[in-house]
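In what follows, structures are represented as structure tokens.
Across the two complexes that follow, chain A remains constant while its partner is chain B and subsequently chain C.
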Partner chain A sequence: MKIEIKDLYKEIKKNVILDNVNITLTGGKIYGIQGKNGCGKTMLMRSIAGLVIPTRGSIIINGKVLHRDISIPESIGVLIENPSFLPRYSGYENLKMLAMLDDKVSDGEIKDLLEKVGLKDAADKKFGKYSLGMKQRLGIAAAIMGSPEIVLLDEPINAIDGEGVEQIRQLILGLRDENRVVLVACHDKEEMQLLADDIICMQQGRIVEKG
Partner chain B sequence: MKMFKHDWLEGIWHRKLYLILSVLAAFFSCTGIHSSIIEHQKTENISNGTFMDYWIYLVDGCQAYKFDWYNSFVIPIRWICFITFLLIGVNNYMLSDLKGWGYQVLVHSKSRLNWWISKLMWSISYTLCYFFVSFCTVLIYCILRNVAVNFKPTLDIMKSQATESFMKFGNRNLYVAVLILPLLMALFLSIIQMVLSLYIRPVYVFIIMFIWLVASAYKKSWLLVGNLGMPYRMKPVLKSGFSTVQCFFVLIAASLICIIWGYLKFRKRDIFEKE
Partner chain C sequence: MFRFELKRCMKGRGFKAAFLISLILAAGHFTAFCICFLHNEYGGIITDKEAVKLLKAGQSVLGIYPANIFEGFIGGEQYTFWNGVYFYLLPIIAVLPFGTSFFEDEDSGYLKNIYIKKKKEIYLVCKFIVTFISGGIAAGLPYVFSFMMNLLYVPAIKPNQLARHNFVNQLNNMSDWYYEKPFLYFGVYLLIIMLCGGVFATLSLCVSFAAKNSLFVMFFPFLFNISFDYVAMELKIEKYVPSNIMNPMMTEYIKGRSMFSVFTEIFAAILLCFGFFVVLNKKRERIV
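For the complex of A and B:
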């Protein structure tokens, strides 16, 4: 798995959000993105996920150019900003509906996944009654469901309690696989040191430091 | 198909209350013609009519207006409501499905084209459901009121409603004018409403659609698309009216153009969790 980002530039209403971002992400590593609010972390993730169209530049995923050869990466899981699901359905039902679109995930796998993210006891509870931390856990579950080759996690430990952070950390570390690129955005520098193999620092839409 | 199942569930089944608008439009239309028939039966010897009389009353629209200081334009409330209630039902679903968890659905669909096709199928299905519910409402009303359930309009009822010119339609043309064309027009309006929602807020799109419909009732013109689904504007009801065959093909072509236009726009649209 390889993601090449070349001269990525994104402007919205004359505001430069991403400014000539160049980077190559390869499978087998967990990449961390750091930077202040508004530095472009989330926009970079949205761009890789195909949700946002670059003003200029290209994103090439395993040799396929995004928005030319494919519109959405073929195997991707995403957690961007606040996870949102259908409030009238339970956590399990929400994941099941997403799994229905992919057809790769069995009911048993969904239940295992909910257990891994610490939602085994809340699987049948309606999403509308979930706490912030539970919503975040469900978002992570949706992002890693089906073992996608690209996993984008934007602030995954947001609103997660102390014990839960260790659980989620181990979950993310377990995603490391030569066929998978994991990109994690996190404010917490210490957490980033524990999670990431490579850290990318962003500032005002640019990558200022890599490594 | 998998995406369509999601759209069927979220866009139609869980929004089935909107289909009550279809029942309301059809029901009040039926009570309107029924009351009118009862009134006429007090002084004339006319039948109870048929299902087709009741259906025509719902979809007929209005005569082309000729400006006159002494006869002001009257908005055909029945027809406007019937179409507008449909547009209310289809107005906001597509964009609301993109918000929040909608981006998850888009990502799992693996393709913006798949997503767009699914939304089109939803729009078409919803419109068909809407018409089907109206149809059933009229049918049930007719059964309960001992109105003959057949597809032949009756001359005495048409005369009582001042629509005897509808008898000039041949059978095939009549069915096209009162069944197919209103449906195709509604489908086109649903699709174009979806496409315009990609440019401006759905509430403004709805207002534009409403104005377009009222303008269609006011003036006979190819550009005012309500004309193409209004039996009153068809030949031979209106001598200078539209050909049903031409309207059929124009509506199909216009819908296809909108479908392609919408996809080309959606392909380049940024998706944010909050619009």
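For the complex of A and C:
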């Protein structure tokens, strides 16, 4: 798995969000992105996910140009900003509905996944009644469901309690696989040191440091 | 994707609300027409039991024709106000099941989960189709429920023009079908109501991009219908108004229009809504 980002530029209403971003992400590593609020981390993730079309530049996933050869990455899971699901469905039902779109994930796998993220006891509770931490955990579960080749996690430990942070950390570390690119955005520098193999620093839409 | 949207629609509270409202309308009409009106001496029409009563009293029933189902359900009469209420509320009933779903998906950010798994166009087309179908079903439910409920009370005999207690005369559209093949007349109007209901539901999808809250999306088709009605009245083009096209009791207003032109108008509206919703939203970039 290889993602090449070349001269990525994104402008919205004359505001430059991403300014000539160039980077290559390869499978087998967990990449961390750091930067202040508004530096472009989330927009970069949205661009890789195909949720926004760049103003200029290209994103090449395994040799295929996004928005030209493919409309969306073929295998991707994302947790971007607030996790959003159907409020009148339970956590289990929400994952099952999303799994219906792919037909790749069985009921048993969904139950295992909910257990891994610490939602086994809340699986049948409606999403609308979940706490912020529980919503975050469900978002992570949805992002890693079906073992996607690209996993983008924006602030995954946000609102998670102390014990849960260790659980989620182990889960993310377990995603390291030569066929998988994992990109994690996190404000916590200590957490980033524990999770990431490479850290990318962004500022005002540009990458200022890599490594 | 289609199964996904259909499942969401059928399990949603909106569909249950539309079902409940349909039952209330049907029950309301049944009470007002079958229980109250038919037995009212000013009702102007009599049941077969009353005809027998008159005969036993030695009075003539010559020229008195019993009430029948085709002029005795919510889509067949205007003695009670229920026909007006139904067609007035129809745009809201049609939108209830799934009309606001696109707005809610976008506003909540749920679309992220879908757009990473399916192409945007597939989602938009499936959303349109399911919303259209759900709107059509919801719009037709009161019509069907009322017919079935009142059929328990009023006989299914052909209408008779000489009886002079129905609202369709020879000058109205499809009057020959009404008198000779009333079930076909019922069926054609059910189809028209369902198609119009589908159009109203998809109209709400079309305005979702401009809405700030879901109430606007829900009520827009209703407001559009009323405004169109008013403007058409001023411009004297009532024959193109959805309320007059859908309501079997308003065929006088579409006199001179062929059914082909009515269906052409409906299909043009469907294509317009489809084009506006799918093409516009495919090109529109909304950060989710």
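Assume the second predicted complex is superposed on the first by the 211 of 211 C-alpha atoms of A that agree within 3 Å, B and C clash if a C-alpha of one lies under 4 Å from a C-alpha of the other, contacts with A are read in each partner's own complex, and residues count from 1 in each chain.
We take it that contacts are C-beta pairs under 8 Å (C-beta built on N, C-alpha and C of every residue); 3 or more make two chains touch, one makes a residue touch a chain.
This structure is a prediction, so every number in the text was calculated from the model and none was measured.
Annotation for the three-chain superposition on chain A: chain B and chain C clash. In the superposition on chain A, contact of A:15 is made with neither chain B nor chain C.
With both structures placed on the common chain, the touch criterion links A:53 to chain B and to chain C. In the superposition on chain A, contact is made by A:98 with both chain B and chain C. In the superposition on chain A, contact of A:74 is made with chain B only, not with chain C. In the superposition on chain A, A:37 makes contact with neither chain B nor chain C. Note: residues 12, 46, 49-53, 71-72, 76-78, 80-82, 84-86, 88, 97-98, 100-102, 142 of chain A belong to the chain B contact set and to the chain C contact set alike, using the contact criterion stated above.
Those residues of chain A that touch chain C in the complex are listed here as 12, 46, 49-53, 71-73, 76-78, 80-82, 84-86, 88, 97-98, 100-102, 142. Contact residues of chain B toward chain A in the complex are 2-3, 5-6, 9-10, 14, 99-101, 103-113, 267-273. Contact residues on chain A toward chain B in their complex (touch as defined above): 12, 46, 49-53, 67, 70-72, 74, 76-78, 80-86, 88, 94, 97-98, 100-103, 142.
The touching residues of chain C, counted against chain A in their complex, run 1, 3-4, 7-8, 12-13, 108-110, 112-120, 285, 287-288.
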